[in-house]
Amino acid sequence: VITHTVAAKMIEAAQKKAGELGLAASVAVVDDGGNLKAFARMDGALLGSANAARRKAYTAAVSGMSTAKWFDMVTGNTALGMILGTGMEGVLFLPGGEPVLIDGVLSGAVGVSGGQADQDAQIVDAALAQIG
Amino acid sequence: VITHTVAAKMIEAAQKKAGELGLAASVAVVDDGGNLKAFARMDGALLGSANAARRKAYTAAVSGMSTAKWFDMVTGNTALGMILGTGMEGVLFLPGGEPVLIDGVLSGAVGVSGGQADQDAQIVDAALAQIG
Amino acid sequence: VITHTVAAKMIEAAQKKAGELGLAASVAVVDDGGNLKAFARMDGALLGSANAARRKAYTAAVSGMSTAKWFDMVTGNTALGMILGTGMEGVLFLPGGEPVLIDGVLSGAVGVSGGQADQDAQIVDAALAQIG
Amino acid sequence: VITHTVAAKMIEAAQKKAGELGLAASVAVVDDGGNLKAFARMDGALLGSANAARRKAYTAAVSGMSTAKWFDMVTGNTALGMILGTGMEGVLFLPGGEPVLIDGVLSGAVGVSGGQADQDAQIVDAALAQIG
């Protein structure tokens, strides 16, 4: 599982990377139940980024799939996206959410919102690098 | 009506079929009021499958129509799907939900999420076979 | 305003017309605040018809516009329909909801769900005929 | 921040402009937390305008972006609009919501619903003119 200590390190690493990119971002870490374990909204981050980061993490946790893959799938099939978007509570199919695997087991997820898709991805990667 | 005993048999049969297919699925049975009567999320099933199975069963129960038919209708008419998806609470238009008819009367529904559409359909069929 | 007595007559007239058409329908009457004033779900009507009738009436009441007109507008502009469908709580853009005008003033609405669009419209008309 | 006094002046100016245009509108002012600070629904304004005005203001506040820009973006990319519309609570991507900047800092927003897009924009401008 993702301990509180690990979750805090993930948040810290993500914030550091966001700072290096000159961004103010929201970062969310959820556990294997999809529930929030740690969260930070950096000073200056838009209010909307909080919801987005949390939903990206939740989406990755309950599906075991990157939200970047969801985004590609959904933009390629609007009808399917509409079905899933209105039928699955709490999801957001924007890039920036990645599942966390520990010893190959889906153990939670991290979600980031604050920059462009490639910037959010870099911040996510910084968080994932804290997983042993 | 779908008794607790019958609902439990439906869940058991569905889980057995899922196991044979090498899948971990969620299975939901709702009564003629659309309310959950029995439910199981197998070990290893994604968190998102729970919501999906419950919504598929609910959709079939309140409409009296297979969610596979809803899926075909909605993907063929995105505007209609958008209207219905945002205007009907609790629905999900993905295949895997079937109404339960007892003596020709709509008595509830079963919903499954865990595999591809044809796999979910086989699991649904295993559950429906428990209806006398 | 729509009194309880008038609302009850509207429901009764609508049910009578539905019966003549061989349909089991849900009928909802809302007041000038968009709140439910009277409602009936006929025996045999699908569960989903209750939500649909209530939402159609609500949509007509808060917009002052027929849901048949909303349906035409939304199906002709899916992006607009998506914006409105996800951004306006409680609405449903399917035909079968009509505002009630008393002395030219928007005073509430009636919504019907149970048959095809033209059948629902006939049932709505029967209800509206009760307005002096 | 937007003080209560300033918010009240914004509402008053907006109502005055709406009256000049012969419209009955709803006007909402939200603070830097996206929460309602002041609101008015003019006599005769449709019920639906209240929700719309509040959501437009909220959308501008949490994104720091005009809802007119959101509208253009979303109508040009329905898939993205669907993702955002279903995944971001409380938003509405219709023109008529503008962020309020005080000394260059995002400090809240104003939202208007009552007329055509260009009319709502004039009413929004009247409210924004109250910001020093």
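Lettered A, B, C and D in written order, each chain numbered from 1.
The rule we apply is simple: a contact is a pair of C-beta atoms (placed from the backbone, for glycine too) under 8 Å apart; a residue touches a chain by one contact, two chains touch by 3 or more.
Here the structure is a predicted model, which is why all the values come from computation and not from measurement.
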Review point. Taking each chain's centre as the mean of its Cα atoms, which chain lies farthest from subunit B?
Key: D
Practice item. Write the angle of the rotation needed to overlay subunit A on subunit D, where the fit uses Cα atoms and the result is rounded to the nearest 5°. Key: 90
**Study point:** Whole-Å gap between the CA centroids of subunit C and subunit D
**Key:** 29
Exercise for review: Could you give the separation in Å between the centres of subunit A and subunit C, each centre being the mean of its C-alpha atoms?
Suggested key: 42
Check your understanding: Residue numbers in subunit D touching 2 or more other chains?
Key -> 78, 82, 85-86
**Study point:** Of subunit B, residues touching subunit A in the complex
**Key:** 46-48, 51-52, 55, 71, 74-75, 78, 81-82, 85-86, 91-94
Practice item. Show which residues of subunit C lie in contact with subunit D when the two form their complex. Key: 33-34, 61-64, 78-80, 82-89, 106
